[in-house]
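These notes are about the structure you will find just below.
The chains carry the letters A, B, C, D, E and F, assigned in the order they are written, with residues numbered from 1 in each.
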Amino acid sequence: MNTTPFARSGGRALDQLRPIRITRHYTMHAEGAVLIEFGNTRVLCTASVEEKVPPHKRGSGEGWVTAEYGMLPRSTHTRSDREAARGKQSGRTQEIQRLIGRSLRAVFDLKALGERTIQIDCDVIQADGGTRTAAITGAWVAAQDAVNTLLAAGKISASPLTGAVAAVSVGIVQGQPLLDLEYVEDVACDTDMNVVMTGTGHYVEVQGTAEGAAFSRQEMDQLLALAEKGIAELVALQRQSLRN
Amino acid sequence: MNTTPFARSGGRALDQLRPIRITRHYTMHAEGAVLIEFGNTRVLCTASVEEKVPPHKRGSGEGWVTAEYGMLPRSTHTRSDREAARGKQSGRTQEIQRLIGRSLRAVFDLKALGERTIQIDCDVIQADGGTRTAAITGAWVAAQDAVNTLLAAGKISASPLTGAVAAVSVGIVQGQPLLDLEYVEDVACDTDMNVVMTGTGHYVEVQGTAEGAAFSRQEMDQLLALAEKGIAELVALQRQSLRN
Amino acid sequence: MNTTPFARSGGRALDQLRPIRITRHYTMHAEGAVLIEFGNTRVLCTASVEEKVPPHKRGSGEGWVTAEYGMLPRSTHTRSDREAARGKQSGRTQEIQRLIGRSLRAVFDLKALGERTIQIDCDVIQADGGTRTAAITGAWVAAQDAVNTLLAAGKISASPLTGAVAAVSVGIVQGQPLLDLEYVEDVACDTDMNVVMTGTGHYVEVQGTAEGAAFSRQEMDQLLALAEKGIAELVALQRQSLRN
Amino acid sequence: MNTTPFARSGGRALDQLRPIRITRHYTMHAEGAVLIEFGNTRVLCTASVEEKVPPHKRGSGEGWVTAEYGMLPRSTHTRSDREAARGKQSGRTQEIQRLIGRSLRAVFDLKALGERTIQIDCDVIQADGGTRTAAITGAWVAAQDAVNTLLAAGKISASPLTGAVAAVSVGIVQGQPLLDLEYVEDVACDTDMNVVMTGTGHYVEVQGTAEGAAFSRQEMDQLLALAEKGIAELVALQRQSLRN
Amino acid sequence: MNTTPFARSGGRALDQLRPIRITRHYTMHAEGAVLIEFGNTRVLCTASVEEKVPPHKRGSGEGWVTAEYGMLPRSTHTRSDREAARGKQSGRTQEIQRLIGRSLRAVFDLKALGERTIQIDCDVIQADGGTRTAAITGAWVAAQDAVNTLLAAGKISASPLTGAVAAVSVGIVQGQPLLDLEYVEDVACDTDMNVVMTGTGHYVEVQGTAEGAAFSRQEMDQLLALAEKGIAELVALQRQSLRN
Amino acid sequence: MNTTPFARSGGRALDQLRPIRITRHYTMHAEGAVLIEFGNTRVLCTASVEEKVPPHKRGSGEGWVTAEYGMLPRSTHTRSDREAARGKQSGRTQEIQRLIGRSLRAVFDLKALGERTIQIDCDVIQADGGTRTAAITGAWVAAQDAVNTLLAAGKISASPLTGAVAAVSVGIVQGQPLLDLEYVEDVACDTDMNVVMTGTGHYVEVQGTAEGAAFSRQEMDQLLALAEKGIAELVALQRQSLRN
């Protein structure tokens, strides 16, 4: 699959991730604070521990993990309206933050967390495609750091994290399946799929959308294979960043 | 797959759709007005033709297809707050209406539609699981009726519809892959997947979510096969309802 | 009053109601669920029992009855904006739902209801004039069904309903007083009056508005007489539907 | 009707208005600016001329008359929330401002007004019952002053006002029909009716509500007679204030 | 400084306040209700005692003092939108009400107030410049009246007020420092400064803004001197009004 | 003033700024993109050029400069609610963004800018006191970069910037005047003043607030002197960063 007439920026191979950088402790207040970069896409992911739970969990003995997502107004090529000024979050924002929350909860034992909340905030500093997948991948590292603070403080005795979770986008551009789309590829693609998987290679979320022509089963299989490869690499990078 | 210890209501087989009913011309004002029933789930889908387009399409010569979704407050087991009274649509509502809109646009040639909008409204009268898949399946029939009014009125000379689109949910309950989940199954399932396909068997959307344990590639393959079977049957029922 | 040059659709007499149909148990979840039809006007009225009361009734030993009203976007001739999408209910919607709530409370002994709420939802499926009067008339039947569930469950020992309540519109079109206006008559009328009365012929609400010229005392008397006749018929139909 | 055991404050007769005061030019910026007092109820009514019309009147050659209503937070016995701070107007506020607008339009020839708007603002400085009827009565005087400015400026050549309009509340307290209820009477009443009439004694609006027991036709007739008497007196006071 | 070519309306000297009038007990419900007039600027300031505190003070043994501000729509030369109808308060409104609240709290011993709130409402009846400074000056008198009710009722035994507070605007117009700007001066000024001081001549707030050219230290000193003179006069008038 | 018992973190002198860092081109999309750091306070300031103006400037031949401000939810010690999720900006946010906009406009010749907008966005990545003064100081550098793009593109022929603008906070803590307060000092201070000055040492804004005791004229003079010193240093740093 690596030799092809389709040219990606920087000579990137079709099945190659962009350069990934994970910077922990990027800000000083949050229990977990990770700047994750997928090429030019930069997302600040913080994990805040709050000693309370939303109403549907009160008295349950279980905790909660939830997420919010935002883009700085000029993180994008042309400035987007500030959602706080408009007075509401867009449908896209809500979809993404619900996805991040579900993805993280998939690897959390809420009972082991105890009656507290880990609040994830993913804020896009600079956007160049793949902000939601970078957000999920970075949020997991931030959550791990937050869990470590709880362990260090003796508030919990065992980690509520049951494994890793990471995400990547895949898509078909000019008939070619590509891993980890940057913005110009995302705009050009016929099919766009975001895949969230655990460290053990199981699916947490698969969201595939035909932007242009509908896609065949064979194309789906190619995309799922690419995503599996990319996520395995991302999980390795997550683990490595935690060892630093 | 039909002989199994898992018992569905009404003796339904694991790969069997609920009884589907499609009633056209259910209300009198809309160009397309379809009541679709997937068992006890009942959704009213109207398609309204509006001779204007949203700003991003003005002057483009192209039309637009968009959708809104709502649930009557007591369509559900316990009453839900009325979104109009709360003053905003939930994230779930926005996700679903965006999905319906994308699904319909996948089979529309917007240039052939001309500079006008087909506005889909999907309102859940009674909910018992699968409201979004019923909505997409019914909306396509309503859109076809609206297109027929445009053709009959001579406003367009050829149909902008490039094919059919339908949707179904699949999921894994107690290890068993099931087609077309009703509410009690939806609550119990580990994995929930909504699949939208064209009449020619290509994917428009695949949205799979692990509610409990993450799912394997093999499980995904089983679910996709079930969905393909169900959607083929739904498209046949759509076409049959249009012949009446 | 029955022989006149003014022609109503379907040869209806000036003092004649449209065909009224009351369908109980129209949906399956609500304690009371009534589809009421005044000719082409169709309103789904549900009554939901909630074991809580709003703040101003907490600890009072009394219950509460309240109502919300909505129109499906394409229940009308041209599509209306969805109030949930606009983010607020119109003044008209609020006026109508306050009227429905007051009308129902007029025949409720809130002490006998106990500290619980009957929440009425009136949703217009198809509009052809008189949606608020149909809503009140249908809501009373739904409330009666909800009360019956409470009695059957032994939660209350005597009915909190002190009688029936129904409503009808009357108006003056081209100098002719008419009973139960349909949409084209409503648009054409000079005076429009909505009357809500009990089963014993007393007034709960009278709301008369001069749309064109102000109206005389004599015209008011004619309208009140027409309304009294119509409401007596509606109450008979309500009681009959409850015997089925 | 004047000799009765029921005692009103200040020895007021049952069919007697409170002391009415109408102060024109109460503030300096508005084209019409009237402080109207019904006893302790004080409402500031301004009429502003705006050389534009709302969208539904653009290009029609017709003008528009509309109204907004508000209560200062501490105009009431206990402080009410400020609607601007809560971010929305209550249903009651919307009902009242719609009523004021309709009442004024009933005596306006919108064609003669020309394509401009008269915007009425009624703000309650002090509330003691009857704020909406005082508002309508005062707003008409303010509108007359605004019309006079237009005439004086030569913007219109004939008055678009076709007559006077005024309003009063009536009600039944302890079986006694009363004219012009003050707050303590309003709280105690079984039936509350707001009547809006023209200077020639025709009805513009009748809104009667049974707060406690439903009311009979005979009671309605008594209330309508009381209202007619009160409104005739109010119209005389309006005309007198304009002569000053 | 009194002889100058710059002419103020009514022959006012550059360092002269407009005629100030303070009318206590202007409305009947509020514990303090003061109409304050700075020339044509008229603001109704009410102080309401509420036997509760906001969440951040609950259980603290301390009270709270807070303020809201509004302008009647036609208090201004051309009508402003009603904030309640627009659904939100402007940034200017919020700035002003926060300023009023802070200014009043500067002279309150919240512990001596006890766990209750004094809610200030400042509503502009007529605007001609300086509404926020009139509001602060009037609000202090209203607050004093509210405190007196608490003392008279024996709810507190000593006044929580530690002194007086008043405010005035100063500015530079055509190079001339002016005291207490009216609207036409405010529009023309290069520098606009609002100063809030205690009765003992200390600063509570200084807010200076260069509308045109930035201002020098020397100009600031001139403005501060003018403000000090004006506030001393205002405090004398406040004290005098309380003796009446 | 440098020898004193009061100890600042890191041995900082009372009249010493925190370490200031100005990083230009921090993100890639905006015409100006500056990360400014005042010690641990980090604010991203972007300047976006938009070829349109708000309604009040259309057709005027003049441009506009405006600003928005936000804090990332976990930029603070404990997490703050996301304003986009709450659906409105706080009064504090609005105050600050209005201040930033006014400060920048003070050094802009809007006619020379031409009919276009420079939209400033200041987003706090990490907060440790002084976010608004850092925002103004950084925004000016970003605006200069945006102006340079316009000059380079030949859209304007001369710079609309008439000079530099910078801001700093000063305050009194335990009787000691301090320059550039960090968070713990801000919380402890009796008086807090934000000063905005031009590069030529004139005042654009002075906002002083007594948090505890009111402050004397002598204290104000000390604070103004400190601010003048700090701003001169900041302007030198701004100019130096532009030379890099």
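As a working rule, contacts are C-beta pairs under 8 Å (C-beta built on N, C-alpha and C of every residue); 3 or more make two chains touch, one makes a residue touch a chain.
Each chain and its UniProt protein: A, B, C, D, E, F = Ribonuclease PH.
All values derive from a computational prediction rather than experimental measurement.
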item: Labels of chains that are neighbours to subunit B (Ribonuclease PH) and to subunit E (Ribonuclease PH); value: none
item: Grouping of chains that still touch (sans subunit C (Ribonuclease PH)); value: one piece
item: Same or different contact residues where subunit F (Ribonuclease PH) meets its copy subunit A (Ribonuclease PH), judged by the half mark; value: same
item: Rotation in the CA alignment of subunit A (Ribonuclease PH) with subunit C (Ribonuclease PH), degrees, nearest 5; value: 120
item: Distance between chain centroids, defined by C-alpha means - subunit E (Ribonuclease PH), subunit F (Ribonuclease PH) (Å); value: 28
item: For subunit D (Ribonuclease PH) paired with subunit E (Ribonuclease PH), centre-to-centre distance based on mean C-alpha positions, whole Å; value: 33
item: Intercentroid distance (Cα basis), subunit F (Ribonuclease PH) paired with subunit D (Ribonuclease PH), Å; value: 51
item: Whole-Å separation of chain centres (CA-atom averages), subunit A (Ribonuclease PH) against subunit D (Ribonuclease PH); value: 60
item: Multi-chain contact residues (two or more partners), subunit C (Ribonuclease PH); value: 87-88
item: Chain order, ring traversed from subunit E (Ribonuclease PH) with subunit F (Ribonuclease PH) following; value: E, F, A, B, C, D
item: Subunit E (Ribonuclease PH) contact footprint on subunit F (Ribonuclease PH) (complex, rising order); value: 88, 91-92, 94-95, 97-98, 102, 106, 193, 197-198, 200, 202-210, 213-217, 220, 224, 228
item: Residue numbers on subunit B (Ribonuclease PH) that touch subunit C (Ribonuclease PH), as the complex places them; value: 27-30, 33, 40, 42, 44, 46, 48, 50, 68, 70, 72-79, 82-89, 93, 119, 121, 123, 125-127
